[in-house]
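Below you'll find a set of structures to go through.
In the two assemblies presented below, chain A is common to both, partnered first by chain B and then by chain C.
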Partner chain A sequence: MMTALPRTAGLRALRDHRAAWAFGVLLVTWAAAILFANGFDSVSSVRYLTQTASFLGIIAIGQTLVVMMSGIDLSVSSVVALSAVVCAQVSAGHGGAAGILVGLAVSLLVGLVNAVGVLWLRVPPMVMTLATGTIVAGSLLVYTNGSPKSAKIGLLDSLANDRVAGIPLAFVLWLAITAVAVWLLHASRVGRYVFALGTSQEASRASGVPLGVTTFIAYGACALLAGVAGLVLLGFTATSSLTMGNPYQLLSIASVVLGGTSILGGRGHVLGTVAGALLLTLLTALLTAWNLSEGVRQMTLGLLIIALLLAYARERRT
Partner chain B sequence: MALLTVDRVSKSFAGNRVLHEVSFDVRAGEVLALVGENGAGKSTVLSLITGMQAPDAGELRLDGEPLRAWSPLRARAAGISSVHQELSLNPHQTVAENVFLGQWPARRGLVLGRDLARRARPLLERVGLDVDPRTRAGRLSLGQQQLVELAKALVCAPRLLILDEATSALDDDQVQAVFRVVRELRAAGSSVVTVSHRMAELFAISDRLTVLKDGAVMATRDRAGTDHDDIVRLMIGRELSDLFPAKAAPTKAATAPALRARGLTVPGGCAGVDLELTPGRILGLGGLQGQGQRAVLRALFGLARHGGEIELAGRPAKLSSPREAIRARIAYVPEDRKVEGLHVAQSVRANLALTNLDTVAPARRLTTVDRNAEAGLVADLIDRMRIKAASPSQEARRLSGGNQQKVALARWLPSEPRVLLLAEPTRGIDVGTKREIYHLLRRLADDGVAVLVTSGDTMELVGLCDEVAVMYEGAVVERLAGGDLTEERLVRASVNPAVTHA
Partner chain C sequence: MPDALAGRLRGNLDVVGLGALIVVLLAAYSHYDSTLFTPASITILSAQFLPLILAAMGQSAVMLTGGIDLSLGSVLALAMAVFAVTADHGVPLAAVCALAVAAATGAVNGTLVAFAGLPPIIVTLAASFLWGGVTLIVLPQPGGSVPSGLVKAYNDGWNGVALPLVVVVAVLVVWKLVKTTRFGLSLYAVGGNEHGAYASGVKTRTVKISAYALAGVFVGLAGIGLAVQTGSGDATIGAPYTLNSIAASVLAGVSFFGGVGQMRAAVLAALVIGLLTNLLLFTGLSPFYQLILQGVVLIVAITVKTFATRERTE
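Coming up: the complex of A and B.
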């Protein structure tokens, strides 16, 4: 008994910190990639990975906020395209700064609409965000007449491609956003409300948790971050497209879950999502390095996500 | 002749010994009561009998045969049914579907709904339930649902029926219906094991009482050879003289009410209720189960839409959300502490801090939670309320019912509420904790809080409250205070309001 107690306590601590698991799996995978695949041992490959992971990571941070309060945002892929396409379009006439501002504003607007639907119309988050996402995608098609513009905006270009002290600026931006999110979710009052709502909506109501404000902050921040990611992507490729956000829908949710956050909400850590996004980007790069065709790559990635979920991020039985 | 023998059974969970060499037997055709405080091991013993858990040592014998590879399925097949406090009904299915869950009559894969209802009726009658078997279970009151559970347990004509706090949500009439079923079973040679916190019920129905304390059997007594005090002494190992605190001294000078409600109406809940909650006094809402008591409390906390006028400290107020109620310094401890009262999946710390974020995470810190202030607040509350938790980071669901209730109550204390609303504050709680809660409520009242309590426990209302308003079908039909506040008057007013009015 004397020996058994600390051990079970240790196991419980590990189980309760699935975010730490995510980093463990990330390190093991990275080590395996360096050992068994070509081209993962160079500084430039690390740079490239952190840079590309940033696009996904920024979106996934926002997704974490929403998932933590038992919501989900299925409109992020459309919002990524929305901010990039609108920014490119507006900057063509009114300059880059206007493009960026308008792009972010319309992104935020989508988030607020999501919150209104979830909160006041009581549409389930899955249905509401899927619907707004579809509406946004459709209106982009109408807005651009099917041919979105290219745009070279100085600020976005350097944000996506430049480095400070050898570190990609996009990665720095991602880390800065993460720092704010850590504060918001794990140190501030709003965070307590988010976790409470994710655990039990009824108990939260009877405890005086401000449902409205919290919902607006979570969905607003999620859409805004998806918009930011869209702008960085625009800077990265200097061109916008209607489908540029598509890969990020599933991957953003997978990053959250593989990062150890419960898809049911109320449990997890933002930092886990950082590991989740890096892990998924690394896996994608690995599969590409093995020269698998696009179809096989997608199938393998899907299976890997399921396998990893089963390995450490499965929902607990109560 | 023993139907079931529990022979020197021990059980531990994670190094924590819950049962230690527990032995007793259940004879054929008898009603055996298992009594003990929360955590004494009653539920664990029952879970061994129903096959939910296996003993670490010792054995159970049914008809003299040791039970091997025991499981809930085999227990059912052997004629052991159980009814628990926690409901297992599917609220979206009909009463009849719930009663016959898993054994619906069917033809060619189609369920015969009419047949189902026809077969459910006699069972519902037997448990004294006058509802259409085609009603959805979720539409019934808590007490009625509990009776449906009982009907469900009777489907397989049990040889051994286990009632685990099965009457906790029932009013007196419904309890009598359960007793009738128990007596029928006993007359037919079946046995019943019953667990309840309502001592009077155990004495009314059982033949023998087995007392558990800290996982061991203290004694088994024939009902005729024992009394209430004897059993309580065995349960807690000491005399329990002062369960209820002294009441408030009647004041000559009238204190202004902290909250006054006039014509409070909740559609489908209560109608035209007038209430005055005065600082220093504990007001009770009595009556049968589900006569609108819950609706009154929920309206006053802004959880239910309501009509009528509410005045707080003499000023008209609108309470349209819990946040507004909390701002007006009204606190609410709901009856369903696992759903509304607590975030059971969160830590004790998070639960206690959530309602006090204004002080723990003040605006001048940009709402950043001050961990030191939080730890101080939590430690203080745990200490003050004597909450037994392994640590502040223990999940609330791992606490015993009594300690959960203490947390649900403690989290409101730092904000110093003016009005405290409590629904069934001691349901399913051991007698020691009950006493603590009664005394705490009285201390709060003495400090100037106006307290409103609903309870299905007549003794509790009489012992605790300064005044009791009796509700019937959503309206207050009688107010009892002072010398008029007796159990007898209260019960009479509850069941037959027309007569008391005449």
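Coming up: the complex of A and C.
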């Protein structure tokens, strides 16, 4: 009896801290990569991984905010392309600063439209964001006539590629955004509202949680961060494309869920998402290192995601 | 039974409303294309609309159980690829292979949803990666070998019979039969009230898995139809069908929470979306506007639906 009690308590603690699981899986995978694959033991590989994980990570932080209040944002892939394409287009005529500002502004606008649809039109988040994503993708086709521009903007270039004390600046940006998100979600009043709404929308409304403001903040921040990621990607590749955001649709949601946040909302931690994004980037890099064909790579990544979900992201049966 | 009566009325309002919309669209259509009601036009149009109609039926079947299938587009492309690759071993064999593969993918999705306690959104989103990868392995480059005789008969009419139309009608008849079985009733029961259904002895897990598998069959047929219509397979062609099948189901009044909705309304809604898209092309706008139109139609449809339903219930 005396030994059984702490053991079940320990198990429950593990189940309740699934974010810690994410870091555990990340460490084990990283160790395995260093032991069994070539090229994962160097400082430059760590640098490259943290740099490329930042693009996904920044989007996933925004996705976490939305998922935590039991929403979902399926428009992030389009918003990533939107901010990059618009920034490249505008900066060609009006300079880089204007491009960056307009890129961020249109991204934020998409987030606000998402919030309006979810809030006032009462469209389910999944449908609303899928629809705005499609509209944005279509608008980009019309705006660029199918051929988006490339652009080299000094600020974005250094943001994506430079280092501070050996650490990629993109990673520093990601960590800074994460710090703000940790404060917003786990220390501020807005964060408590988000968790309350994610647990039970009816109960929160009845007890006076401001649904409107919280929804606008969550969806606005999510789209804005997708826009930031689009700009950093533009700096990284110096070119924009209509499909550049596509891989991040599933991966951002997978980062959140593999980071231990419940897809149904109300449970989880932003830091788990950081581990989730690093884990997925590491897995992608591993699959690339093994020289697999595109099809096999996609299939394996899908299988791995499902396996990891089964391992520790299952919902308790109600 | 006032509830049942109101429910039936609401369902028929969907069908009547969509029917009226289609009449208006057809009138506008015949203004641009005077040959609309000739057998040739009907054959071509039904070949063009068949994939979306069947995809919408598949999506609706899943949504009736309270689920959602975001991997629908990938499965459609997979069935198309399997059919195109195996077609030179005989069309019936290829069709059986494609349908078996599509049904199996559905069963896998359904099993993960039913047994693993993973929400349908996440399962099918991850599965879309999985099946997309498998499709690329089956058919890395667009191509394949669909017999040209079949392509011609399908698109130009076979002895004056519009084959795609026959397929859609046949599938609807099959659904009608399925709906009267124990499984058909359980489908609605599980979507309407899962705990209640379980308590009254419905094997909710089996029903869910079967629903996803049945959706796989519908989507597989859609993929085969698309392969025969275009004469080849293409791994990347499926993506738009995910959004459009959800749009059609929502437009048809199939509830996101399960248990409510009618298959014939889903067919009509898919027709509306198809006709609208074609009309847009007639107006001379760039096809780039298609995506914008689809997104707007989706938002408008579900908003109208939400507010109309609310007024009726309050």
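Just so it is clear, the second predicted complex is superposed on the first by the 317 of 318 C-alpha atoms of A that agree within 3 Å, B and C clash if a C-alpha of one lies under 4 Å from a C-alpha of the other, contacts with A are read in each partner's own complex, and residues count from 1 in each chain.
By definition in this document, contacts are C-beta pairs under 8 Å (C-beta built on N, C-alpha and C of every residue); 3 or more make two chains touch, one makes a residue touch a chain.
Note that this is a predicted model, so its numbers are computed, not measured.
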item	value
Partner chain in contact with A:Ile305 - chain B first, chain C second, else both or neither	second
Partner chain(s) touched by A:Ala60 [first = chain B, second = chain C, both, neither]	neither
Contacts of A:Thr199 with chain B and chain C, given as first, second, both or neither	first
First, second, both or neither for A:Ala88, with chain B first and chain C second	neither
Partner chain(s) touched by A:Val270 [first = chain B, second = chain C, both, neither]	neither
Partner chain(s) touched by A:Ala218 [first = chain B, second = chain C, both, neither]	neither
First (chain B), second (chain C), both or neither touched by A:Ala285	neither
Touching partner for A:Thr134 - first (chain B), second (chain C), both, neither	second
Superposed model, chain A: greater residue contact from chain B or chain C	C
Chain C contact footprint on chain A (complex, rising order)	72, 117, 121-124, 126-128, 130-135, 137-139, 141-142, 145-146, 250, 253-254, 257, 263-264, 293-303, 305-306, 309-310, 313-317
Complex interface listing, chain B residues touching chain A	14-15, 301, 303, 322-323, 325-326, 332, 334, 339-346, 350, 353-355, 357, 361, 366-369, 397, 411
In the complex with chain A, residue positions of chain C that touch it	68, 112, 116-119, 121-123, 125-138, 140, 243, 246-247, 250, 256, 286, 288-296, 298-299, 302-303, 306-307
Residues on chain A engaged by chain B in the complex (per definition of touch)	1, 4-5, 8, 183, 187-192, 195-196, 199-200, 202-210, 266-267, 318
